[in-house]
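Here chain A shows up in two complexes: once beside chain B, once beside chain C.
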Partner chain A sequence: MKGVSNDAGRKVVGFLREWGMILLILVITAVATMIRPVFLSGRNILNILRSYSTIGIASIGMAYTIIGGGMDLSIGSTISLSAVVTMLIINATSNVAERVCSPYAAVLVLFVGIAIGAAVGLVNGAIIAVVNGRMGESFIITFAMQIVVGAMAQAVVKGQFQAAAYKSGLFKEFGVGVVPVIFFLVVAAIMQLILTRTQFGRNLYFLGANMKAAKMAGIRVGQVRTISHVLCGMCAGLAGVLVVSRVNSASVLQGQGYELDAMACVAIGGVSLAGGDGSILKTILGVLVLGFLLTALNILSVQSNAQLIVRGVVIIAAVILDTVNKKAKLREVRK
Partner chain B sequence: MRVRTFIKERMVLLLFLAFIFIMILFKPSFVSLTNIKNVLIDASIYGVSALAMTIAIITGAFDLSLSSNFAWAQIFFCFMLNAWGSSGLGILGAFLAMLCTTTLIGVINGLVIVLGKIPAFIATLGMSTIVKGFCLVFTSGDMIATSNTFVERMGKGTFLGISYLTYIFAAIVVVAWYVMKNTTYGRSLYATGGNATAAALAGINVRLCQFSTFAILGLAAGISGAMFVCQMRAGSVLYGTDLALTCVAATVVGGTPLTGGKGSVLRTVLGVLLIYVLYKGLAFLGLQGYYNTMIRGLVLLVVVSFDAFMTRKGR
Partner chain C sequence: MEDYILQMKDITKTFPGVTALDSVSLDVRRGEVHALVGENGAGKSTLMKVLNGVHQADSGEIWLNGEKTTIRNTVDARSKGIGLIFHECNLINTLSVAENIYINRLKNHRGRVDWRAVNSDAQSLLDSFGFNFRATDKVEALSAAQKQLVEITKVLSYGVKLVVMDEPTSSLTTGEAEKLFGIIRELKAKGVTFIYISHKLDEIFRLADRVTVLRDGKVIETRPVGEFTTNEIIERMVGRSVDTEYPRKHCEIGEVVLKAENITREGVIRNISFELHRGEILGFAGLVGSGRTELAEAIFGAEPCTSGTIEVKGKRVSIRSTSEGKANSIGLLTEDRKETGLVLMYDLIRNITVTNLPRIRKGRLLSRKREMELADQYIRDMDVKTPSNRQLAMNLSGGNQQKVVFAKWLFSDVDILILDEPTRGIDVGAKHEIYLLMNKLAEEGKAIIMISSELPEVLGMSDHVIVLSGGEKMGELSREEATPEAVMAMAVAN
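Now for the complex of A and B:
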């Protein structure tokens, strides 16, 4: 009898370990709704989904580099750069008299944004592949890239804030209603397919779990790492375009803090920051948790500076939890 | 053979020297007494933190929360000076209270990293956000100034034409050098960074060593912050955001590889001086604002990549 309950207990613990995030979202929602019932309105939920869809796209890219045993701290600046370039293009091609932006430009900026991200990712990935950097080094390399790319974004607009010169048009639609959420889901689906159905995806997991072994198994480690960084950059570039469309302005500060949020989402979702483990679905759950948590704090009128503290605590807590979990799993396997 | 190892190990340093040499060749007016003094003062302030960062890197860790900790040190020191700064004892009290808080931040870092067994850069990145958020809440984002006369005298005063701050830095260099070179503690830090498993087998308390470096980092951030306040007579979350990265760059430029277990604090003194000569030189060439920032980023990028590349080849 005792054995059965033990078994059931273990199952519950195992379930919580894997999918405890869903419970966390429910708890956050319940608490926030109790204090401010407006939290559980359809409009509020859609708002959360819409405003966190860009962070979500960036997080999915981040998840790729983290699964591969790396990290990309430059995405914040990539988003800023992509955002300011997007705004410049859209404003330059808008019909000034009618304040309508051109639909061709809207399609163009999607490609330009993604291309900018890919370029930054390529530089990141190429450097990391050439020097064969370990995690600490890829950390600093991408951190340095963040400074460089951020300064580039400033140089592009000379540090000036860019307001939208248009009032309507296809580009504006990118940020309205469920459109950003659809973008997010499409990106998630594509990235999930790449991760699970291609040789590259499997290699990425292998690489993140044990780089030396992957090398010995004949995997082109440098190539896989470069591709993961390029994909991460592409996600960030796309996120930059969508952010501009949502907030109707662009500044060099647009992407500030995105790398932290993305890292937090990935860590909360249960993707191991040590690499080799995790999935897109878990990342999405992480995004939802962070989105619900921060919005709940907003509604409870916790100021944004204090929310920075929450983010830091959440990252550290998530990583410690991951380490504890891993140890527990190892113990169970040994049994 | 020896020359070749030297060149291989100190390639970054040689490149820097070459750059500075070329710059002096083109702009001889760069070598002026005021410039040298300014470089010395700036290098002294960041140098204290750079020494601690070097010790951490030798032990095989590093600290990205140093910038935020440094900002907190300035803010809290200014705040305490405004509260207690009327008497000599009060100033000492303000200084010690500030050092306690910054060291506490380092201690928390150390505890989280050593007990939680999580990578130092993730823990310290999280900590960096926490401390930054805390600074913003504490000051509501404003700058906090102090008009304390003692602090002003410390910042402006000179002895034999050299700022007091430089003497403080020199004294700390001597202490750090002595500890790292001639004490059991220093040697166990090297051993821990070189091979933690072997060090543990040799009976060294590896976890204590790792933990202690974070406390030292916190202490150093506090001292740097106090020196910075002497210079600026103000504290803000916006000052010194580049501290952590400059310290890493200075360490690597000096010739301490990021792999750990090797290097020395004396090399970092040279590294931090060279970095500041470069920064001053770039400003002197008329590169201001974001171009200056961009080049700082590029310097770090090149230096770290190069170091990683060289140490990889050596293995």
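Now for the complex of A and C:
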């Protein structure tokens, strides 16, 4: 804090830590709007929210595993599996002549998709719990699961791209207008409640902050770890269902890259990758930043390669910021 | 004119909200052992961090060998002949002793590490001190005490002339500490100067030439050690006179609440049986590595026993995990409060309520309001000194942290408390408070197991003492039988 007095410097750092993400969203919006006024239109904003709602839901699940001191790389494949199964069910139950899908099937696929996610999460969590793992073990185990689940998705549709056999119906509504955004917000609200107001949520924070201390406080660390992965899987499963409805097709590559985007959102939002810190609100802010940023780049017709670079830089910057923040926090500690 | 190797003049260091050092001056003569004592938070560590360049003083001067100097960082300090040994272990467990000693200056031969030279250099250093482990041993295979010796070897291998030791014996057994003192005296004879920080005053009387007492960031007094009595030093440390006796009040001992039979953990502890009564303080004595902590962990369920039975209040129970230990009314205050006792980055409230979240539930959800009220009450009862209950645990002094750990387990309302080194690394005044707290808990009908490496403490506070050695129970002594000689005879018997 060169030049600035210590006190003022700390206030600035504290302010940025609290509101930096919102500030960033405003800056992105302002810059993009100045160049292309259409960016600020209600329609464009809704478009952003809609297309990032599935990543948002997946990110919230990812936030659970990261707060618990782990991670889940398998969500991309989980989304793909959920997506292709959803498409098969919906297509099989649609009225071919009128091209309308069955409302019962729409409800059914929500349950099936979430159940698929829960099952993958259960396997992830149980294995990690058995090996008493943290970040490193989560990385390898869920990475392996990504391959396995991806292969399962391949097998289900024999690698075939699945186009929608319907044109209207309840399922179609899942991906239209504000509906995906509502899904996102409802999931966020429920997950926030679980995280902050239940024993499981509290225990998850302790697990992420200090696994040994959590164990020595009598917390069932294996159980908490497993539940966190099940919830993460459920989010991915739901995201898989919703993404099908939005794009009207499903392929085994549907969820590709989701795990990285989700991790990026979580990191950008300021959820500590070291575990034990963070919230759903921060995750949502991270999703918005990534969504606004990438859309702005699109609107400004930045090349896709350059976009990828920006994406990478932003993630790295988020991690650096997290470390800097932690150091700043430590500096405030009086000794 | 005295020959001073180090003079620190009017050092002042402030951190946000607190003056850690207030115009502190310290003169260290060449070739002396200069003891630095004071309660936790008195400023000893901060002063040493300034000396080592970890912190920069706000004002004041540092003179080395009669010349004014500035110390920018630890590397700079080392190049100017100052070496620091922190009480936390800074070794890399998976590497060998030799690698740790020469970690950032491995000799190379045409770009490849010359392992033979590295190992033989390290070995000859170890031999010169008479240490009983090899340069090629992996550090993780060494005891806590041996690790400390590796740290010392590492610092001395830089050829430093002034060594700062911060609580070097806190994890050493009596025999090992003795050996360390021998080494310090030997090095002193060779002209090495020591600044020695310790809470153990008997060590200071045996080792130091002069003592400087710090309190609240100020130097209270510096004198040759012979001109002080123990009580005089303590009075200066705490600013009041302190009862150094152990305040154990024996209360009525009730029925058996915990009965352990033939507790065995393969390769660690063997066939240990004992009974613990309501209102009793049962001491576990023994050397470091005798199996005391391992026994505690087996009973609490952290590392379940492979055979043996545990009865709680007359009922046979199975304890395979810490949550089952807790469910059976057993709480373990671990020996390392910073690593396993507390989550330092969380506030006091969260740290206290974690052991019993159902207590702060309203309906199905946790109630933050109820949590704050209950935690407040425990923080007050324990007399934790903190500006706010939202303070992070890392900001408290050792003694206050320990009180929070007590609060945490009292919050869970367990009847059996296992205290593993409850007074380690905390200052005299806080120790006394912990003893009084133990009395109070015993009076209220809790049953307490106390593990401690400080023999006088175990003997002073316990109703019964069980002596362990090599993972076996060597005997059980009543308060009357438990003399230091009797306990030590058993502790070294295996």
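Everything that follows uses one rule, which is that the second predicted complex is superposed on the first by the 324 of 335 C-alpha atoms of A that agree within 3 Å, B and C clash if a C-alpha of one lies under 4 Å from a C-alpha of the other, contacts with A are read in each partner's own complex, and residues count from 1 in each chain.
Following the convention adopted for this analysis, a residue touches a chain if its C-beta (ideal position, glycine included) is under 8 Å from a C-beta of that chain, and two chains touch if they have at least 3 such contacts.
For clarity, every value in this text was computed on a predicted model and none was experimentally measured.
Enquirer: For the three-chain model obtained by superposing on chain A, do chain B and chain C clash or fit?
Expert: Because the two structures are overlaid on the shared chain, the partners are seen to clash.
Enquirer: Quick check for you: in the superposed arrangement, does A:T323 touch first (chain B), second (chain C), both or neither?
Expert: Touch partner of A:T323: chain B, not chain C.
Enquirer: After the superposition on A, what does A:A213 contact: first (chain B), second (chain C), both or neither?
Expert: In the superposition, A:A213 contacts chain C only.
Enquirer: Looking at the overlay, what does A:I182 touch: chain B (first), chain C (second), both, or neither?
Expert: The answer is neither, since A:I182 touches no partner chain.
Enquirer: In the superposed model, which partner reaches more residues of chain A, chain B or chain C?
Expert: Partner with more touched residues of chain A: B.
Enquirer: Identify the partner contact of A:T198: answer first if only chain B is touched, second if only chain C is, both if each is, neither if none is.
Expert: In the superposition, A:T198 touches chain C alone.
Enquirer: By the touch definition at the top of the document, which applies to A:A144: first (chain B), second (chain C), both, or neither?
Expert: In the superposed model, A:A144 contacts chain B only, not chain C.
Enquirer: Looking at chain A, which of its residues have contacts with both chain B and chain C?
Expert: Shared contact residues on chain A (touching chain B in one complex, chain C in the other): none at all.
Enquirer: Going by the contact rule set out above, which residues of chain B touch chain A in the complex?
Expert: That would be residues 62, 64, 112, 116-119, 121-123, 125-134, 136-137, 140-141, 242, 245, 248, 258, 289-291, 293-294, 296-298, 300-301, 304-305, 308-309, 312 of chain B.
Enquirer: State the interface residues of chain A toward chain B in the complex, per the touch definition above.
Expert: 127, 130-133, 135-137, 139-141, 143-148, 150-152, 154-155, 159, 260, 263, 273-274, 303, 305-313, 315-316, 319-320, 323
Enquirer: In the complex formed with chain A, which residues of chain C make contact?
Expert: Contacts found on chain C: 15-18, 20, 45-46, 302, 321-323, 325-327, 331-332, 334, 339-346, 350, 354-355, 357-358, 361, 364-366, 392, 394-395, 408, 412.
Enquirer: Provide the residue numbers of chain A that touch chain C in the complex, in ascending order.
Expert: Interface residues on chain A, with respect to chain C: 6-7, 10, 193, 196-199, 202-203, 205-206, 209-210, 212-220, 276-277, 332-335.
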